[in-house]
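Got a structure here, written out as structure tokens. Questions coming.
Labels A, B, C and D are assigned to the chains in the order they are written; within every chain, residues are numbered from 1.
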Amino acid sequence: MPKIAMLGSGFIGRFYADSILGQRSRDSIVSVYSRRKESAEKFAKDYHCKHWTTEMEEAIAHPEVDLVCISLPNNLHEIAVLLCCKHKKAVMTTKPLGRNATEARRMLEAVEDAGILNAYLEDLVYTPKFLKAHASVQNGALGRILWAKSRETHPGPHSEWFWDLEQAGGGCILDLGCHCVEIARSFIGKDIRPVEVMCWADTQVKPIEAEDHAIGLVKYENGAIGQFEVSWTFRGGMDLRDEVMGTEGTIWINNFLRTGLEMFTTGKGADYVAEKAESNTGWLFPMGDEVNDLGYNHMFTDVFNAFEKGKAPKETFYDGYVVNAILDAAYRSARTKLWEPVQL
Amino acid sequence: MPKIAMLGSGFIGRFYADSILGQRSRDSIVSVYSRRKESAEKFAKDYHCKHWTTEMEEAIAHPEVDLVCISLPNNLHEIAVLLCCKHKKAVMTTKPLGRNATEARRMLEAVEDAGILNAYLEDLVYTPKFLKAHASVQNGALGRILWAKSRETHPGPHSEWFWDLEQAGGGCILDLGCHCVEIARSFIGKDIRPVEVMCWADTQVKPIEAEDHAIGLVKYENGAIGQFEVSWTFRGGMDLRDEVMGTEGTIWINNFLRTGLEMFTTGKGADYVAEKAESNTGWLFPMGDEVNDLGYNHMFTDVFNAFEKGKAPKETFYDGYVVNAILDAAYRSARTKLWEPVQL
Amino acid sequence: MPKIAMLGSGFIGRFYADSILGQRSRDSIVSVYSRRKESAEKFAKDYHCKHWTTEMEEAIAHPEVDLVCISLPNNLHEIAVLLCCKHKKAVMTTKPLGRNATEARRMLEAVEDAGILNAYLEDLVYTPKFLKAHASVQNGALGRILWAKSRETHPGPHSEWFWDLEQAGGGCILDLGCHCVEIARSFIGKDIRPVEVMCWADTQVKPIEAEDHAIGLVKYENGAIGQFEVSWTFRGGMDLRDEVMGTEGTIWINNFLRTGLEMFTTGKGADYVAEKAESNTGWLFPMGDEVNDLGYNHMFTDVFNAFEKGKAPKETFYDGYVVNAILDAAYRSARTKLWEPVQL
Amino acid sequence: MPKIAMLGSGFIGRFYADSILGQRSRDSIVSVYSRRKESAEKFAKDYHCKHWTTEMEEAIAHPEVDLVCISLPNNLHEIAVLLCCKHKKAVMTTKPLGRNATEARRMLEAVEDAGILNAYLEDLVYTPKFLKAHASVQNGALGRILWAKSRETHPGPHSEWFWDLEQAGGGCILDLGCHCVEIARSFIGKDIRPVEVMCWADTQVKPIEAEDHAIGLVKYENGAIGQFEVSWTFRGGMDLRDEVMGTEGTIWINNFLRTGLEMFTTGKGADYVAEKAESNTGWLFPMGDEVNDLGYNHMFTDVFNAFEKGKAPKETFYDGYVVNAILDAAYRSARTKLWEPVQL
């Protein structure tokens, strides 16, 4: 039964907490770190944390804490991980692992040297639909996998720091592509080496330095192709779809906008506001249970079970590092316009 | 933290156990009753129950047990409930509550006299999609509700006892209609009185006495209509769809066959067998996470939280009794061909 | 090559003309009748009619005309048909044939006495999807048909006369139910006798005398059930869906709101207005080719080919009469609350 | 009213004939050329052609013929076009125009020199859904177009010649990519110059020299991206989907596998065989009206109206040439692994 410290009290921090404390969970968050006193206090109150602090190291070092959850902007992941290593606390970090593979590799080496449990919180390979689809692929229902595509597009992130290259480390390739790359890699096989990447990227709409739209192809050593389509310019909500082609079958997954719940409302009945939708009248497509359907529940179950059994979870820092290496190749390719090798 | 006795180790008993012990749950099943030694032992092993027995009362009376879960054929619900009353153990029973309203009323009176927590396990008003849709209806997004339809059809039940009128108490009206009636009633408003019922029923295909196909209309005192469509003759899997119409909007829910996960397989890749589907090649529509998507998780969370707080869960024996009364009227109507009053 | 007179220049008159003159048709409308000079002239100009008139009989009697198309309000169908009989002109009339079976029967007898081609323009049994589905049913792909449901609901008609019982002859049962009844009857078999009808109807929303919402069951002599769901209170556009269940399969048809064309628009790009949709921003579901997809093209092809070959079209006044007889029973049932016999 | 000669009596020849003679058309095929006497005779009989021949030039030169339709393998398009030029007969040719841009350019120059009507039969920019979507794009409902994707994949062609590089000129890039490229180009704007292409292609499954799977990106001078996904290795039927993203909206089109007609059949009812599907039991997704829904009707209407009015149709040899030029760049890119310029 892990006792958790949460670093960061923003969007994903609260989502994680909803999942960790959700349903009939045994697990608890004992400490929370946030920059601002008010945020830390509020989070502690909402999620029944005994302790809160505005000092990151204090949360990590807290004697009751044995597992740290990093939910901070991308540029702070490494700093936080190194503190966990120093205090020998098990660590799980949100995506992307690093802003690039160099950072990611340092983090990987640090946790391995420290000998601590390290989990890479890639929730989208834990969604119920992914798990079911992946099991079918493993069972051979699709034959040999030829191509796996993952698409994540929405109208753009919610926090200022995403738009700052220094803090974010990249645009939609890093922010969304990390999901897509790991989904495709999992369908193709995590034991198959990614070889090279071709990527187009552009800043088509937003007044930013980073890319707001990109498409990439990742070639694996067995000839299979992983494809990612990512954008911060999509209109219509959040589009999260995967497709897999094999010699004996195909799989189509729609994770968000068409899942079997459809609502029309004139908006005259009430001030109804649909989650994450761009409109709150007309035809709306809400999700039933975001925390479960986006994979958070199955992800934390896996990580916490691993923690208790002293095993590695399904996704570790190594996976996060591979994803960063693939995305680094994508960034190079977008610049050089060449297929760029994945350097692992 | 309830300590549960499970009565019955069949289809729904195992489904319930998967949910109760699923994810990171605090809850445990301490005793299981099953007629056959082998089944009881197997269930106890699979779900880590300390104790098993082939005597129903022994499981209920077991000193560690404080909450009993009835997962037995319909004709045994009352017997089991009365034993729970005798031993003053909180009780939750699967659907339908009774084989008819007379039985259900006796059960309701018994638990009220005994003063024990009583939960009616109608999972389909706990599905994530239902909960989201219901919240929208409560918020007024659909205006005044005019009509709510629920459809549950499949190719027929899996166990022999369903086909025996004495044990089952009815055909698809009782077996499936109980879900549909409570779904529609919840959308229309559980405080609105159901007034009368018109029902068509027939035995179109199966070699049985009970009905294998029925359609019914339930008129509520405010003029709203609840509709149920139930059948054991449907081909194509399990069809679970709801629709709601209000003056300001509409909701369409597809709970099973079209939820955003679609697979084609030639079947040559592997002996893949899809759950509950009638075929295992061609286009298949598996569910991501049945235990969650069919409402079991949210249902037990509600019941167990209610248990711990000494409150009533969302669905009690009273609701089960109302459902039975509506279905009794449906059965009378199918015979008399008249709109029959709901006798509460 | 029929030369057509169009009676009425309203909504359906123009739809029919679009179909008749559409694509590379050989057919032409030579005369048009409309009450108001301006409407007649405008229609004549738009559809290249040589002749227009504000006298109904003049259009029918016009020497070049050999086939009359009735697109007038329901109360004028009989008058127009009798004039066609008088002038021995082939006649096709829009749905419903009459305001009731008595009227319909008189019209049927009149055209039979006059010995003229008579077509009942039930376009929805000519939609490409219906034709394909019906062929599958005929081929036995669904086994024995047990149940056929048709649903047509929208937010209410566009012209004043629909709201006047004298002119319209009824509410949504007559206006929309006529489609649904003929669709279900066609799937079940036009040679199978409809026996009795149970119908619920109410005026739930609109300030009118006629019903704005109804649900009906039609029992056929072989035990099959036809179901109709009709409403003028639906919000969300036009909902046109059919379902068929047989012993060996099932068919689901969505004719309007989910046909594979989905659009999201913020509305900031342009004053885009979607057809028949209740909103013009957010998620919209336009149809590709309404005139074809609603069956008009295949319907007129059948009627005109029949005309040229001196044969009867697929749908004649006899079918319109049967539909009226079923709907009369539905109206009686809504009043008496009994299953009412279909009187043919 | 064009009098048509059909060259070729294979798959597409018959499809075209079904459309040309379909519904109430004025148009007729007066002559047909096929290599084999039997095929020519059979086609002539089926489609009421007065004349048939096994000499290509004879059909073209036939005095009654004024419009030639080329439905021959790719390597014969140029030969046939040159004969049309020689005899000054208007010509329409199926896709792709040439096996490469060099051939296409010679054909374009020949018809321009001859001054004859030339139509490029790209049916997929004439589908009802495309036309509706395109109109919305033109109206500005999507704002500025950023990306347009078209996907066409199926399990592989039906005739031997497709597998022979000499006759076919290429694999799935040429065969299917020509559709996708013109769809994307039409959404982005046919006046916007395509600049360069990046393409991945591989032979993953079939025992052939040509590619059986490819993905390409086409960059336009305004920064918009056209994407094509083509394959002969897809399992599950024919997958035909388009997507468009603009600054103010998005469009999703499903042309084939999910269009609102869904059927489940055990196959026990009858020897039902679904068109083009890979299976004939289980869940099937037939199309209502292929000839209309794939655009043939609207395409020939446009071409024949243009012919009668002495104007150019919407799609001319110039468009076919641009498509070939883009695909040539794709083939070069697949080899060089570089973004290759489009040479126009």
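As a convention for this text, contacts are C-beta pairs under 8 Å (C-beta built on N, C-alpha and C of every residue); 3 or more make two chains touch, one makes a residue touch a chain.
Keep in mind that what you see is a predicted model, and the values were worked out from it rather than measured.
Considering every other chain in turn, the ones in contact with both chain B and chain C prove to be A, D. Across B-D and A-D, the chain pair carrying more C-beta contacts is A-D. Centre to centre, using the average C-alpha position, chain C and chain D are separated by 36 Å. Centroids built from CA atoms put chain D at 53 Å from chain B. Centre to centre, using the average C-alpha position, chain A and chain D are separated by 41 Å. Residue positions 235-236, 246-250, 264-266 of chain B are each in touch with at least two other chains. The touching residues of chain D, counted against chain C in their complex, run 23-27, 127-133, 136, 139-143, 246-255, 258-272, 286-289, 292-293, 297-298, 300-301, 304.
Here chain C touches chain B in the complex through residues 146-147, 153, 198, 200, 202, 204-205, 213, 215, 217, 219, 223, 225, 227, 231, 233-236, 239, 245-250, 337-339, going by the rule given at the top.
By the touch criterion stated above, chain B contacts chain D in their complex at residues 235-237, 264-266, 278-279, 281-285.
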